[in-house]
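Some structures to go through are shown next.
Shared between the two complexes below is chain A, which has chain B as its partner in the first and chain C in the second.
Moving on, here comes the complex of A and B:
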C-alpha cells in the first residue's frame, strides 16, 4: 500500500482550539495521519478542531468518508469541527454532500477561531 | 438525448493507466490535458476531473482488483454538443458501486457506512452517466453538455437552492 501523500501539523491556538494544517492529499491512505493529528489536537480538552485546507491538493470520496469518520468522533467528544482554506471546488463538494451543514466553513483562520471561541 | 448521440464524435485521446492505488490522479490529469483545447470553464473542468478520478478509482479497485496487469482504458471523445469520457475495466458482472444514496445524518448516526460517496459524487459532477458491461468489461461513460456555459448538474444545484460559491 502506498504511503499517505499528506502531512498534518497540529497547532494549539488557545486553550480551547487546535488547528490541523493539512498539506497534500486527503484519500484513504491519509486515515492514520488524520486520526493521529486529531488525537494530538484533542489533547487537553480542546472543544474545537479547525482544519486548515489551504494546502489541500486533492480529496476524493474516500477522503470525504474520512471526514465523516472524524465528525463521528468529534460529535462523540462533544467538540466542533470547523474549516478554512477550501477551494471553490471543494466548497462545492461540501455543499453537495451537505458536509457544510456539519462542518463550519470560514474564509480565514482568524474567522474560524473566532467562531470556535464565541459558540 | 438520442439526437445528441447520433452526432459525429471525434476521438480526442485513448489512454490507459495501470491499476495501482493513486493512479486515478494520473488519469484525471491526462484527461484534463486532453480537453484543454475545448475551453471548458475552470469550474466545469474541476468537476470533470473529480468524476474521472472517482470512476477510474472504482474501475481499478472493484473492476480490476488493483491487478497491475489489468489497465483501465479511457477514451475521450467530443461532438459539437457533448464531451464523452468512457472508462473501461476488465471486471465481469454488474459494476460495483454502492447503490445506497449517501445521507450524512444517517452516516453520523451509524445507520450508513462513512464511505460510499463515489457514485453520488460522479453523478453530481457530470450531466449524464451511463454504465454498460459484458462478461469481460465494465464501462462508465461520463457526459458533459458543451452547448451550455453552465452544465445541467450546476443548474440543478442552483434550482435546489444549493448554489455553489
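Moving on, here comes the complex of A and C:
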C-alpha cells in the first residue's frame, strides 16, 4: 500500500488542551499517523484535542471515516474534539457528512482553545 | 503578445483543492428530479442524509476484500467497471437503480430490496467519487446510518484488490434488533455477493475476506426518533396501498 502523505505534529498548549497540526493528505493511509498523534496528544490526561487543518491539502471519504473513529475514541475517553483552520471547501464536507453535528469548528486556534477551556 | 492571466491568488480567487471535483455538493434534503424506470421514489425525496454519527445502533466498521489474482487490471479500470455495472453485481433481492448520470458525485441511487421477505424501498446518494473509489451515504429511514466505500488498490505483490468498507450503525431500534438477529449476516452475504460478482466479471474465483470491528458498542437512545422514518414500515404501507393507487390511476385515465 502507498505511504501516508501526511505529517502530524503535536503541541500541548496548556494542561488541558493539545493541538495536532495536520499537514498533507487525510486518506485511509493516514490512520497510523493520526492514531499515534492522538496517543501522544492525550498523554497527561488532556480534556480536549484540537485538530489544526490549516495544512490540509486533500481529503477523501476514508479520511472522514478516520475522523469518525477518532471522535468515538475521544468520546470514550470523555474528551472533546475541536477543529480550526478548515477552508470553506472542507467545512462543506463536514456539513455533507454531518461531522459538524459532533465536532466543533472554530475560526482560529485561539477560539478553539478558549472553547475547549470554557467547557 | 497576449498577457498571461494572473495566477488565481493574485486575482483574489482561492485555488480549489485537488479533491473538490470528487465531492458532492451539500444538500439540505435529497431532491429527486427523475426516477429511473422500475424504481419507486419512496423514502428518498425530502429525506436528510445521515452519517455514522446519527444512527441508533452499535457502530461497526466492516471491510470486505477480494484479490483479483492473475488479472491485468488497474485499480482505476476496476472501479470504472464497478461504477458502470454496479446494479448488475447486486443479488436478485437487492436491486439498485442509478440515475442516467450513473455513479457520480451527487447522484441518487434508488434501492428496492427484500429484507426477510419484506420490501424495503430506499436509496443512497453518492457523496464522493474519484477514479479509484466511490462512497455512498444513506438517508433517513434506510436500515443503516453511515457510508459504504467501494474502492480498489494495488497490493504489495502487484495484485489489484477490490474492497468494500462500511462504517455504519442501524438507523433505529427496530433495525438494530433486526441486525442483531439476522440482518448483519444478510448484509455480509450481500457485500460478499457483490465482490464475488465483480471478481467473476474478471474471471477470478478467489475467497472474499471480511474484517469487522465494533467501533462504538453503545446505542444512541437520543436517536430513537428515527423510527418515524423507518423505510421498512413505510414500504410496507406503500405496498399495501398499491391496489388503491392502481384504482385511482384507472379512474383518472377513464375520466380523461
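One rule holds in what follows: the second predicted complex is superposed on the first by the 119 of 119 C-alpha atoms of A that agree within 3 Å, B and C clash if a C-alpha of one lies under 4 Å from a C-alpha of the other, contacts with A are read in each partner's own complex, and residues count from 1 in each chain.
Criterion: a residue touches a chain if its C-beta (ideal position, glycine included) is under 8 Å from a C-beta of that chain, and two chains touch if they have at least 3 such contacts.
The shown structure was predicted, so the numbers you read here are calculated from the model rather than taken from an experiment.
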Query raised in the report: Given the touch rule stated above, what does A:69 touch, chain B (first), chain C (second), both, or neither?
Result: both
Query raised in the report: So, A:42: does it touch chain B (first), chain C (second), both, or neither?
Result: neither
Requested in this report: Kindly classify A:5 by the partners it touches after superposition: chain B alone (first), chain C alone (second), both, or neither?
Outcome: first
Query raised in the report: For A:58, is the partner it touches chain B (first), chain C (second), both, or none of the two (neither)?
Result: both
Query raised in the report: Touching chain B and also chain C: which chain A residues?
Result: 1-2, 58, 60-62, 64-65, 68-69, 71-72, 88-89, 92-93, 95-99, 101-102
Query - Sites on chain A touched by chain B in the complex - result: 1-2, 5, 25, 27, 29, 58, 60-62, 64-66, 68-69, 71-72, 75, 88-89, 91-93, 95-99, 101-102
**Report entry** Sites on chain A touched by chain C in the complex
**Finding:** 1-2, 57-62, 64-65, 68-69, 71-72, 76, 87-90, 92-93, 95-99, 101-102
Report summary line: Per the touch rule, the chain B residues reaching chain A in their complex are 21-22, 24-25, 43, 46-47, 50, 53-54, 57, 102, 104, 107-108, 110, 113-118, 120-121, 124, 157, 162, 164-165
Report task. Give every residue of chain C touching chain A within the complex, in rising order. Result -> 14, 16-20, 22-24, 26, 49-54, 59, 61, 127-128, 130, 133, 135, 137, 147, 149, 151, 153, 155-156, 165, 167, 215-216
